[in-house]
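Some structures are shown below for you to check.
Two complexes are shown next, each including chain A; its partner changes from chain B in the first to chain C in the second.
Then we have the complex of A and B:
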């Protein structure tokens, strides 16, 4: 090839290449011409619109005479890119597009439809309306063309909303007619739902139950994507009127949980979770099927794993463990997991923790606490601390032991994070860990970050009576008040006043006055200054006119703090809405759609006599006589149980058969250890460079 | 749904920009380049700015291209990522894995997008064989790898005959090579048709190749406890069959044994299975969670426990399964890592034992042993295989071309630290787990065996030649110490 294709060209250069198209016989010039056409598309990708606009006449010339498929595709792509910019020139191509639209070649028809809809002028749209209107009911049209024509209504609705209504009726008729082609029905459902959802003057789509059952029965005849479109919008458009109707729908949806396409499986899960609001009980086998479906989805590429894990969090938040029974070991972190998966698994572990599995989970968490990634490590420590607060009396000792062990690890950010979470633990158990306080205070000098400084100041202030030199400990922070961030300054101010009010003495007075002076005179922040003045006046009221007693001031400045509670629960209204969007973008962010996309309508559970008043009404029944008999053989096992049972022998026998069998051949070591034969690398030849690299590594992420 | 698809080179050059909704402007590609490609600290595979969301993946083979989908509302993330991975494997089939190739052949990519994504950017059809059927160009070679397993299986693909004797290109695939539009061919899908298979496929030799591939994942704790062990398996099939064949496959798993007309599980069966694949338990296997290709009749499976399907033409993944009970682990690693008396070096004593039958052997066994940063070199003594210290990666790599069954090997090693290293930093080292990589042919970790595979074509009576292969490979096989 003489010239690079993927480079910027001027229109005149390309016109040159395209000259002489009438010399059709020569293969060489044909290749040259095709390359020139490719260059046009490359230039459109490069954004070279100004030059490429001049190619309109050449493209149209070519279109008239060439019937090579690739050339046609390029012409269509050209119109789609530049038609919106030059609608007038595009009109010249309209007869050619229509010729393709009415050809019998499916591929050309699809190209033509896509091209027509991309040029925003009424001439083009009217052609689409015309074609769609004809195509919808014509069976001779291939189902791909019919589907595409139906999908085009979604875009036409943006422009000509009023012209859409007659079509909607016809789409409903197709859904209602059991003889329609399954793939076309799926497209109708998708289109109807989308149009209903995006227009504010329309209600959500609501389907008759015979239509719903018809759709569920055609699922096996659809290809994977059509299955997605059929399942995706059944939640809230299918409204079961009785418990038994809902159960029937669940049963018909269950097989789709085993589809290899994660979107099908997740959409089936979404529909089942939705239907659970309309039944009073479910068989345990449903829980098994959902759990197994999730476990096997975890074998997908990382991005899809991430999506599945986020939805596990969603289901755990909204239904605790009533819908998913998954062993915690599936959420153990692999060293090579991408960071976003590590993060999400950590959250799952935190949510799954209960009294029984706590030892295993804490053991895992203590592994992650020293992860190379600083953020990961911090989050883990936070999780350990939060577990101590969340699970109450039984867990707190174990968690605190782990935290104290990690403290000895001695890395700065670990220490900082531990101090921060200890404040929460101490607020929940004020008297239980008094003996570790001196140990914590020992690290006063190594905390750098605002939050952990605050925590440290709080701990010193709260347990001052246990610390013989608490004022010295405090001065580590108070002496540098001017360099601190604002919230640390607030903490110092508050603590200095507390110390004085608790035990008025020369020393405490000096510190207090000193801080008040600095805050009011030297630091230039209005909020801090006002607060300092407030304290100052309060204190002077006690001293000057005794209008306020010391006790009252104490109550104001140094009152009892309420015990803290950790509430990870989201609002139940929000959870209900999130469940209707399983597998979507909003499920990743765990935020209701309306918070992320302003224009979307909020979804809600449609009313029906079968609708449960609350999610807690659902009962899970162990089934002995269900049709899913093979599921019964799946023992309710868990890796962790096995580990604990066999604590005497370290290997779990029940699950791994051959782990302890001796080898038949044993190769013994001979000779001595030798230095690795590899020729010394550049790195090791230059030790000073190596050390610099090390210090970056062991600088523990601060520099990263 | 998908408003635009963008493909970038690893460094951020835009090679393909395909818009499905005209309101999307080209500047969106600059935003992605700035926010994601040029951002070193990306901690999520999805980014939402305002109401615009980018879902992105990196291609798994060749130069790591960025495949990006742009959406404007609350789209189905599962469908989008699933589509991007399908696109990735289609591009692989067409050899569009390197940026240089894509720069020449971007038109092929445009056509792939045109065929797979329809109106509004809704995925229409991504089944390999039917997409190839609609393309004007056919791939030079039909690769058998699929996206998410390409790493481990790269070698297995070659053994399948890619290197030695490439699978001959199916006739069906080379048909339609007439690129002229004037010869308009019939629309391919009439309603009676199966969406993933066209009707007029013919082969002289009817063949079916079955690969049972098991990826075993193990995590062993510091105290030699197995914290987690499970297998993710797939059954891959390459079908070169004429007409509309109906197939039924049976394994020794509990569910399909109970179903099906010929569901007698006799000792004879067991014996014949043992012949087919020696020394694997051959008992019933419990599959927890299986996922099936769209061609499997799911309702039939749920009702009668029969795996019944009309295969697409060519290579596809019939099913995935998951097992965590009664596994045959292929290797046991027993590491002992201690601090030397100076406190600045580590000494390693590692035992690596194969647990599979003596007759078999593993290929490409590689144990990666991390060493603390600040290691200049390692003193190594291995009973077999080769062990080298790789300073760039801070690890020793102990590798075997071939590892025989039921064999034990030992490794002793000691790190040589830089002089200035502090014993504190050795103690604070996070000790990433050791990881093992391997491949064992004709070994099944779960004991899963294909018992029968029946092919029936109503109108044509032909015999099908069937091949089967079992491959057991490491997923993530890790040991803490």
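Then we have the complex of A and C:
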């Protein structure tokens, strides 16, 4: 090799290299020519199209005379690259391509087929159609070529949608015919499914039961990747009509859970989860097998482990623990886990927590809370706090004990996180932890972040009567209002007005007027200013014309807050769609496809007499068939703010924490996923209601 | 379906890529590096799946490489993509030995060829190295020659399309042998007080097959589910089976196998173990196993993993360490460790390695110990105690002392890292699994064959003792 292959060349230079091929057929010149041809391809990858276009005649030349496989491959690659740009010249090569297509060499046939599809002219496409329709039924054709021909229909569908229809019938026939080759059948299934899915004028593919059973019976004869997409496309297209049919399908799928290829196992899981919508009960052994399969998938490389964990979250959200009985210990975090795994395991632990395993989980969490990674530690504290709110009266004491212990740890970010989390706990149990308040206030000076500042201000304001010099505590924040971020400024404004309305005195008045002045005159934010003006006018209405009583203002400014609940669940329809996408990218984000791409059809469970009304009404029967397990899985658990744990940046606001901030309606698909939440509306005050109340009461109280 | 696969260096910059579909711009992969960087700055959590401008980047890491698959659809089967990427690395490491930046640059031709062969239009195709090696070699082969050669040898499709896609026909060995390795890895998470938080046994049955033709193998092990069925079937037709059943030979290094004749009867049942969650190589007939509990298969040639299993029965730590660490802030750290081999007296644990973490800024180590060797491994911030052979029931102890700098930031030195233990115990399986028989039957050739079996128990990736920081 005298020259580098990957360098830009002029067409004339390469032509030079190719000269003199027909004079002597010595090995040396053959090598040289091949090298020159390689340079052409290299230049194409470098984007040197303008020069390489001129090589067209030479390529055709060599194609005709060279028998070398590598040369042929290069020729095909050349057409694939330049054909789309120069369809007219590509036509010259058509006979050559067809010759390769009809040759007996499988590799050449595949090359030719790929080349034909890549050139966008109808002549080329017609050849593909022609070849495919011949190949489909010809048994002598190698099944690899047949498979590729069938897959090419997916590509052709984008361009010549109308010509596809006659093929669909024939593909269905192949599926129906038990004598067809398994690999070809799998390819048919994938093609049919994909074409049905992507065209909006078509329904989802729906297969007859005998076809489904046929596919299930050939699974063991397929290679691993064929098995993957056979299983992947069975959900939705296989619609069991009776419970027993569905059970039979589950039974036939179960062995695939033991496949060594994780993708097969996970897709088998997906199909089983889908079929569970069509049965009235399942044996415990199925649950056992599914859980075991998941556990062993957790031993795979981290990326797969991550995917599996995300899907465990999904299954836990949609079915609680009815499908998976996995010991919490499997979700314990290992020191060497990558952080994204730690993160996801934490979410699993949070979801799995119930009254029985809480002590174990809290014990684990308290270990993680002092993790070296700051974010991990923050998220753990979040999780502990959320567990306190989620699990109710019995567990809250334990969680709070742990938090208080951690508080003594004294590191800044830990303290900040605990303060933020405590606000939620106090919103849920307003009177239970009053003795802790002074201890919390003690850390006023060490909170730096907006969120924990907000929390601290709220705590001071709410429990002012427990704090002898609450105004001093408050002034830590109010004195620096100009330097604060916007939401902290809002909190300070609200609190200062609250203090004044509660106990109008010289001091509170001074603080309140001071803050109002700063907000209206010095800080340049329209929202803050108008809120400040609103308060100011309200207060002056009381003082000047007495049209509003002090009590009314109090009610407006300082009303009783509702107790918070973590009550948001994922919409059941979304869960349904997500469950049909187990193992896909959307399962990582926990966002159904239709929510992001509105044009896509959203998947749904096809109707059938066997379809269950509710996913949660699945009975798990013990193997001994003594049905004592009548536990219905009532939807009383809630997962509203898991997004807390998952949000990658600590600043991100969530539903419960700040009723002042506008409700978050849009979820971003960025970095990490958030679950859609509906609760904010419940917590944010509805301004229109307040106004109405104001107008009704105006004439009443005439105090002051 | 995957739109393209790229190999990127440790910064995320593209080394080479192969495009499979036309739905993404060529420049999409160039954003990968910036995306990675941004995420790393923003937070420490970098999940193996990123999204930017409607393109999803699914990637795995291997040595100093990122292997990235790009796709546009949210419904792309991520499990398939990840599995495929790992498989790709596995195959490439058979071709290139070490898959890393340098070897990628040096071998781009063959990598392109592999990428073409293993995936088509974004759909995974063949990923068995044995099959790929048949027609992807370093040299290109000529069409003319191919036509002259024997017809079935030159054409790859034959093997690819018949139902045994993992084994070509016409393999010949002079001596027909099959080697079985049963390796059990113990994963265990313990607290410093000796409480076992989690324990599991992960077993693998590895086979090295050197057998001619298309042999059909039948494996018998003492699993409850498998074995009870076996008893029923053999009791009826045990005589007819005898002629072609080969009793398992114990290789020199393995414990003597109970011969099948002796333990027929009730004593067998008691020694049966129940394996959870068996996973099989694709060559095992899963439906046959499901229905009749018999493991039958036509093995690929050479080395492969026949099956894996998992057991979660609580087990006593095989090697237990009682570690005590006292950190005297600003002066020194003292470590006392007592290791005990809680295994049968006859067994011996080999190559025991105990890795005990020490503070990052520790120095001047001094050790006292009775057995093995100890050294300080500054790059891991730990001390490593090695014991070549550790007989069952023995107990050894060591003490170490390291200095700490007298200037100290306020933070208390934390030791959150766990103690890691590595060991190997030959001739022993924790689960008690045993191979009863391995029958080899090649219908056409009918040769005599020699199965060998070997057992070993070792520490898994995660045999650790947590320290209460």
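We adopt the following convention: the second predicted complex is superposed on the first by the 603 of 704 C-alpha atoms of A that agree within 3 Å, B and C clash if a C-alpha of one lies under 4 Å from a C-alpha of the other, contacts with A are read in each partner's own complex, and residues count from 1 in each chain.
Criterion: contacts are C-beta pairs under 8 Å (C-beta built on N, C-alpha and C of every residue); 3 or more make two chains touch, one makes a residue touch a chain.
This structure is a prediction, so every number in the text was calculated from the model and none was measured.
In the superposed model, A:139 makes contact with chain B only, not with chain C. Once chain A of one complex is fitted onto chain A of the other, the partner contacts of A:243 are absent, as it touches neither chain B nor chain C.
By the touch criterion defined above, A:586 lies against chain B and chain C together after alignment on the C-alpha atoms of chain A. Of the two partner chains placed by superposition, chain B and chain C are both touched by A:106.
When the shared chain is aligned, chain B and chain C each come close enough to touch A:68.
In the superposed model, A:260 lies in contact with both chain B and chain C. Judged by the touch definition given at the top, the superposed model places A:42 against chain B, while chain C stays out of reach. In the superposition on chain A, A:336 makes contact with both chain B and chain C. In the superposed three-chain model, the partner touching more residues of chain A is B, compared with the other of chain B and chain C.
Looking at chain A, you'll find residues 67-70, 72, 105-107, 110, 114, 142-144, 148, 151-152, 154-155, 181, 183, 190, 220, 223-225, 228-229, 232, 254-256, 258-263, 265-267, 292-293, 295-296, 299, 301-304, 306-307, 329-330, 332, 334-336, 339-340, 343, 367, 370-372, 375, 581, 583-589, 593, 596-597, 669-672 touch chain B in one structure and chain C in the other. Of all the residues in chain C, the ones that touch chain A in their complex are 39, 42-51, 56, 58-60, 71, 73-80, 82-86, 120-121, 123-127, 135, 140-144, 146, 155-157, 160-161, 163, 165, 189, 197-198, 202, 276-282, 285-287, 289-290, 305, 307-308, 310, 312, 414, 416-418, 461-462, 464, 466, 469.
Remark: chain A residues 67-70, 72, 105-107, 110, 114, 142-144, 148, 151-152, 154-155, 181-183, 190, 220-221, 223-225, 228-229, 232, 254-256, 258-263, 265-267, 289, 292-293, 295-296, 299, 301-304, 306-307, 327, 329-330, 332, 334-336, 339-340, 343, 367, 370-373, 375-376, 581, 583-589, 591, 593, 596-597, 648-649, 669-672 touch chain C in the complex.
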